[in-house]
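Next come two complexes built around chain A: one with chain B, the other with chain C.
And then the complex of A and B:
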């Protein structure tokens, strides 16, 4: 067990008869970057606000370094927060904003300014100290807010959808920037977002929220490749979810309604006849003619034939939606591979058993 | 069809015409007349203005007016701030109810409210009786003092202050207060360092409005105030009613108007007039 720095245990939160959180537990290591990912209303922001102290949990505890936060007011928790709309003080300059937490801690003015200027350097806005928030772009305000939340060396950094208001290119730039700063300071970070690509690129681990619970916690690769629920598979990345019935758990064989017998990489823990959902990422499907199968294990290949009815070009790749029997199959090919494939084309497809992941269906 | 729309849209100022005509006939023309009178009655020249500048009495009255207006503005601010703060923090329902209570005094006739104060503060009124009962001996004279006129004017003008403050406070982003708290500010520091500075525009707006309205206040100071400490509007009335000195009265009215315009100009330079009404 890794040393648990932040320990969130069995948090629940109800508003009258409405349950916002139904038992959320999460352990975070020191220096780790953990993302709470989920759609709006899934409880991720409520969890964040309970950690920050702005909401009180109905039950459950939050501890940092073994110390319970239960009776500590927000101003004494020593947690840095970057809010969705940055929440910079409009009546203070960028530098004065960054100095605020130091002023509140009684740090002498000269030292406070020195530290604040060092943070300005770190976020790459050295010459912006005298600017007013309203005279800065969204991305710049974002960096100032980050500097302000970090200057007092908080024991925890909370980021509440901080990139939501930025345009796409600025968002990607800030993802890299936040990650760089977080690494350089080694601060333990909880990041809340509903954007799965943000979660994938930035996190050490991702906790996927659904309806007030965590469905799965794992590294980006784990939640992407081996989602534990159909919800996680659908929420993260594009996927084909095919219902099936286990035919032979030892051999890893599942019968699907529209794509026949499907081979899986491993043997299954479920019994014969159990219902499972098979997940197949669109990018792991190949054209039968294009994939070199000679070196591979042809025994462990799955095959299908579909009639393409939709072609969506994305530039670097092309999404094809084909139909077989009564079911759609989403296929993502490199753009060159998809050249010449139009609506109505018949495609022979194949994908390795390793690309298929079985999710037990409750 | 199209030409009608274009013709209608190209002359939107036509919509202003009724108001402009009304104001011209009943405000602008009389105002010009007053200005003319101030330099023609009883004889042409600036004698009336020279008189104003020379006579210490007039200076005293103007000073008195400014100090009273300032006092009223400060009292309105001190009393109105907590109320506006409470309204801004309350749920919309409670805020609406409080706003109703505040504006209720707007709906009662001005004169009735002033007379009500006369009854309350009179020598045989309940307030004096209460003070006497508490052992204040001899019981103080409350009516016809600067205290009573200030009190009544605060009562009448406080809705302006509360509405100015409320409209600004309502727009303060609660996230800023949370941010301050998360950064280590205790509740008092959150208020002192963030809320108070951000509500300052409302304080300035409210104080300016109250001050300007107060400068020209007539009925309340005349009925409740001390005859020895008259305000400008009251003195103008006396000049006309008792001395029929239209020239002198007009000159004072013009100076009063100029004072108000100076306050407005200073405000406009500093904050922009468009923000005065929130």
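And then the complex of A and C:
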């Protein structure tokens, strides 16, 4: 059993007849970086606000280090929060903003300033202490907000879509920056985002939210390679979802409507005749001629033939959408491989059994 | 093409400003009553205004009443605004309506109401009576200004403050209030001006003891057209110009003394600490930090 530092148990939240959270449970280890990922309205921000104490749960509990937060007001929770719109105090300079939590804790001014300056160094803005928030860029303001949320050594750091208001290049820079600072301080962090690539690059674990529930919690690799629901497969990365019926669970054989018999890497836990959804990532499909199958287990290969109707170049890779029977198949090839393939081309495709993941369908 | 609209603009401005400006030369006039153009210039009526008790007393009355009105208005409007803007409760719509209603009522109607009502309470002819009546008139404008400011206030600032360890009261004191300071200031200023300008209600309920400046001016012009009126008008005009220019001047001044060095920081921090740890305020701290740095 891992050391459960933050323990969220069976949280529910209803607004009248509307259910915002339908039983969310989550255990987070000390020092872990966990992302709550989901579309807007899926309950991830509500969960964050309950942890912070700005919303009260209809039922369920939140504990940090075994201590329930239920009757502790927000200001006594010792939780640092960074908001999407930074929420820097406009009447205080950057340094004064960072000193605020220390002022509130009665830390002597000189010591507060020393600590705040150390945080400014950590976020790489040593010379910006005397700037007013309005005179700083979005990225700089966000770093000040991060410094302010960390300077009082909070027991938990909450990040509410902190990169949402930044442009793309600044966002990537801040992803790396936040991760570096989080690692160096070892602070337990809950990060809320609807951006799956952010979740993939930054998290130790990802909790995928759908309609007020957590569909799956796992490492980025787990949720990407073995999504537990079709929603997770669709939400994270690009995917082909093919409905099928289990033909032989022992052999790992599934019959699909448009792509015939599909071989899976392992035996299936489901019974013969059970409905499953097969997930196949576009990048694990290869051109039949290009893949070296000599040494491989040809028995464990799946094959298909499609007619390409759409070609979308992405620079380093190209997305092809082909049709077979009545179903589309998305294929992502390296750009050089896709050279010369145009709309209307007929392609022979190949993918290993290991690339196919079965999701049980209720 | 550009000339015509510009000319019209200048004419309109002149049309609006002329009656305001005409009192200025008249205030320096030697004429025994209001007269334009002035036959000669002197400062005698200024001297009269500042020394004659019949003018200084109403001026003091007006300032006291306007200040009292401003205080009372803000004391009432601040909690009312927070309640109406931030909370959903039964009767919220009615509360909203009541707070703004005096604005739509003709002052003369209100004046008659206050005259009989305050008369029963024996508050006519007192400062308190005028302050109460003026407060009722100032509440709508102060409420509208403050609620517009409060609606635009980012609640995340308060959430941030609380997450950083500020109790609700300290959040209000250190974040909400300073951020809304311009809104409070303008709201209070308008309450002050509303009272200082008010004539109709003052005519009805301010007696000799609490006679306000507008009432004195009104009576003076009816009786003798005393040129001191133009002195008062000029001074009020100058005061308004000054107030209007103040934000501009303040901004310029603030730009010049932009916060530099740790002294500004430490001063502010000391202020923030004052609530809990007065012993932490150490005047030597800033210089020591500077030396360390």
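Keep in mind that, in the parts below, the second predicted complex is superposed on the first by the 362 of 362 C-alpha atoms of A that agree within 3 Å, B and C clash if a C-alpha of one lies under 4 Å from a C-alpha of the other, contacts with A are read in each partner's own complex, and residues count from 1 in each chain.
The definition used in the following text is that a contact is a pair of C-beta atoms (placed from the backbone, for glycine too) under 8 Å apart; a residue touches a chain by one contact, two chains touch by 3 or more.
These figures come from a predicted structure and were not determined experimentally.
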| item | value |
| --- | --- |
| Side-by-side fit of chain B and chain C on chain A, or clash | clash |
| Partner chain(s) touched by A:112 [first = chain B, second = chain C, both, neither] | second |
| Which superposed partner A:90 touches (first chain B, second chain C, both, neither) | both |
| Chain B versus chain C as contact partner of A:129, first or second or both or neither | second |
| Touch count on chain A, higher of chain B and chain C | C |
| Touching partner for A:168 - first (chain B), second (chain C), both, neither | neither |
| Touched partner set for A:152, first chain B, second chain C, both or neither | both |
| Overlap of the chain B and chain C footprints on chain A, listed as residue numbers | 52, 54, 73-81, 83, 85, 87, 89-91, 100-101, 103-105, 148-149, 152 |
| Chain B-facing residues of chain A, complex | 52, 54, 73-81, 83-85, 87-91, 100-101, 103-105, 148-149, 152 |
| Chain A-facing residues of chain C, complex | 154, 156-157, 159-168, 170-171, 174-175, 178-179, 181, 258-262, 264-266, 268-270, 272-273, 276-277, 280-282, 285, 288-289, 292 |
| Residue numbers on chain A that touch chain C, as the complex places them | 52-54, 73-81, 83, 85, 87, 89-93, 95-96, 99-101, 103-106, 108-110, 112-114, 129-130, 132, 145, 148-149, 152, 158 |
| List of chain B residues in touch with chain A within their complex | 173, 175-176, 178-187, 189-190, 193-194, 197-198 |
